[in-house]
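Here subunit A shows up in two complexes: once beside subunit B, once beside subunit C.
And now, the complex of A and B:
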């Protein structure tokens, strides 16, 4: 009887998730309080939680600035990535011309671009955006390219039979709708990578606000480890929210037709 | 059901035992050390360390204390060095006096046992308009100046200087924080109007022709503390005689550098590969810094930094001299019977008359035969740290086990 009840309880929505989260926090708290006993090496969760109240007036501006950098980088990344990816996917010549260049540039870590971000763009918000851009553009590009490559020949033929002769029309009406799911995945991956570059992108004096700036240029030098952890968690949470929002709008709305094609 | 419970109890007990065995292997008392780990930064401020390393002084002098191996770690900045020290990865650190302030405030157990150097930073303005216009700090209004992050010596001194000249460092001009590489790139690209950096960076920029030094940090804050020799409390408590020798060796290396500027530059170039010997030499000629070893000379300005940091809210406690310094080793060496080298610092820019080259290997100071006092093992063995923790974790895991088992 009891067993059944427990099972029922566990099967309810979100119960296991909450329990696992609580246990993780509990273990963290215990390790921090009993084993490490040093706020500077591992701040405990309740200390971190309390620091959020101290940071209330700093956080909004930092979050907005970071979102601005992120938006610049992701926007530019999407525009460039989708355009170049489409070109490479549709025209063989473009693919042959650009592929080697992109394969050389792609593995270069975004951080290695910091000197040139300063030299080319200066210490502006766009320079931080540039670093995010470098991180975000390649996943978007590669996915768009793959989407265009995968377009089923029969769709093209069918469109041609139905009188869709012009290449631009074929791209617009067949290839783009077909590769939308790929592009969406690319943007999602690009968002993740771009967000990871954000901290480094704010490290070299581009602005006096920003999550990464505050974390690396203020809290770290001043050894405020509780605040460092607080901002690390904040970075994680914001990325989670961004991802969920994106998924809601794209997968639930834009790609609604796709739902149920493979699995639920 | 009963069987299951016993399994769970068994699991819990094994976990407890395993954790205890892990925890008990961590040593509690003083132990002999055979390896000494140094941290430093690739700056001309800290050539004393490099000289001692290059000439094998560390190994030679510390051998008799059982040190068989010297390990060194290079750090781009003070904060990361302090984190490494806090994590127990470093025993001795050559570092600016500012990073230890914030680190000690946040619980780092370490003390400054000797000075390394004073002054030695400079404000460089962009060649052309900015330099021509500059006559006094007032002319910096509206400019963008790059320097190290808050809590660093450079940031503290620059802001203090601006305040003393009636400028508001937050409103009247823009101070952006970044590392040395970024700052040099930024001024070379014209992305900032000026930089305030430690040697040798100002000279590097001047040599490139993009900027000009307009003020030295020694003018902004005469004889301000810069780098220091920081030793972990553990080493001080467990091996005081070893620390004394470290200070002695540091003094010797410092004196050697002061007498042999060219050699010091050479050693630096060898250590920091990719640096240009001519620029390093030039930097050592036209900096305003001085290599010293007397910690007393750094106390006042360091306590001033503490005050600034406290007022800015960077630190929680108003640290005192006792929290930061342990001058006993230096004092003992100076009082000692051994003939001491003149350690009075030359506060003026060193114009070295390289007349006499003292044979450093003969350790003119030391006579370390004065046997180190047998370690009185004054280490109170701390109570076993993790029993309660191990128990708590085991309980947590046991609870998790129960939950998981019930589910199936």
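And now, the complex of A and C:
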């Protein structure tokens, strides 16, 4: 009887997830308090939690600044990545002309661009945006390109027979809607990479605010490890929220027709 | 004779790595107005190639294709086509799939919705207008494809093994429905198939093709009165004849 009740409880949505999360936090608390005993090396979760109250003044401005850097980089990455990806996917000549250049540039770690970001753009928000851009643009470009290459020839033929002959129309009415899921995937991956670049992009002091700037340039030098952890968690949570919001809007609204085609 | 569509001395060669491949060799056939012509032949005999040429998706290497007295150049909405594979745009609803061709004719939104709904009803899918293709069965998808192809009022309908990938029962139903649509709209239909049964049930006339290079070996009228019974004696006799022509062709290839 009792065993059945417990199983039933566990089967409910979210129960196992919450329990495992609580257990993880509990283990962290135990290790921090009873084993490490030094909050300079491992701050315990309850200390981190309390730290947030001290950070209430700082957080809004830091979050906004970081989101600004992120938006600049992601926006530019989407515009450039989608445009170039579409050109390369549709026109063979563009692919041949650009492919080698991209393959040379792509493996360069985004952070290696920091010197040029500073020299070209100066210590501005756009310089941080530039690093995010370098991180985000390639996944968006490659995915858009793949989408355009995969357009089923039958769809093109069907559109042509129905009177859709101009290439610009075939792109607009067939290739773009077909590639939307690919482009969406590219943007999602690009968002992830861009967010990772963000923290380092703020390290070189483009502004007096920003999550990465605060974490690396203020908290860490002052050995405020509880605040470092608080900002780390904040960085993770914001990325999670961004991803969920994007998925909601794109998958629920834009890609309704894909439902049931992708395995859940 | 007054032909709706005339294929005159059409040759089509493809360049491959091993040299040139001749898919059609001086092919000739005429289709009368409102006729239901089936083209039958073994796989790879160039019947799909022929349809693609008529649709304007490929160009003949030589010869001419004449529709309503004018030589064809490139695709245009005066020829509708239903493809073998599912060719519905998966990102569009049933309604929007059917309006696709009408949109390109710059027709007003209300007008094209009205026409599209008529055709959706004609193929028996009233009530499914706002579904996406993934929500439909194979037979329903091909019905939408037919509606989409005839909504812009083409003067000829080209069908490339349209029922090849649905199950046998659905296939029979779709064939009956197609005949009904044909009788109601009086469209000229050019129907490619490799099924003898399908040809005997549907066609006014059947053209039998040889393989590589594709050519016509036989063109025969099927004078069985409609509505036809699949299992009637006449149908069986004709089937027998068709099978014989096709097997003669096969043995020639093997020699």
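Convention: the second predicted complex is superposed on the first by the 261 of 264 C-alpha atoms of A that agree within 3 Å, B and C clash if a C-alpha of one lies under 4 Å from a C-alpha of the other, contacts with A are read in each partner's own complex, and residues count from 1 in each chain.
The rule we apply is simple: contacts are C-beta pairs under 8 Å (C-beta built on N, C-alpha and C of every residue); 3 or more make two chains touch, one makes a residue touch a chain.
These figures come from a predicted structure and were not determined experimentally.
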- Query: Does the subunit A-based superposition show subunit B and subunit C clashing or fitting?
  - Reply: fit
- Task: State whether A:49 touches subunit B only (first), subunit C only (second), both chains, or neither.
- Result: neither
- After lining up the shared chain so the two structures overlap, which partner does A:23 touch, if you call subunit B first and subunit C second: first, second, both or neither? first
- Message: Is A:91 touching anything from subunit B or subunit C once the two structures are fitted on A? First, second, both or neither.
- Response: neither
- Query: Should A:178 be classified as contacting the first partner (subunit B), the second (subunit C), both, or neither?
  - Reply: second
- subunit A contact check, subunit B vs subunit C, more residues touched by chain B
- Message: Please give the least Cα distance, whole angstrom, that subunit B and subunit C reach in the superposed model.
- Response: 37
- Message: Under the contact rule defined above, give the subunit A residues that sit at the interface with subunit B and also at the interface with subunit C.
- Response: none
- Provide the residue numbers of subunit C that touch subunit A in the complex, in ascending order. 52, 55-57, 74-77, 79-81, 83, 85-87, 89-92, 100-101, 104-105, 132-135, 148-149, 152
- Query: For subunit A, which residues are in contact with subunit C within the complex?
  - Reply: 154-155, 157-165, 169, 173-174, 177-178, 180, 256-261
- Query: Within the complex, which stretch of subunit A touches subunit B?
  - Reply: 3, 6-7, 10, 19, 23, 26-27, 30-31, 33-35, 37-41, 114-115, 118-119, 122-123, 203-206, 208, 217-218, 220-225
- Complex contact set, residues of subunit B against subunit A: 77-79, 82-83, 86-87, 99, 102-103, 105-108, 144, 146, 148-152, 174, 176-179, 181-183, 185-186, 188-192, 314-315, 385-386, 388-389, 392-393, 396, 399-400, 403, 406-407
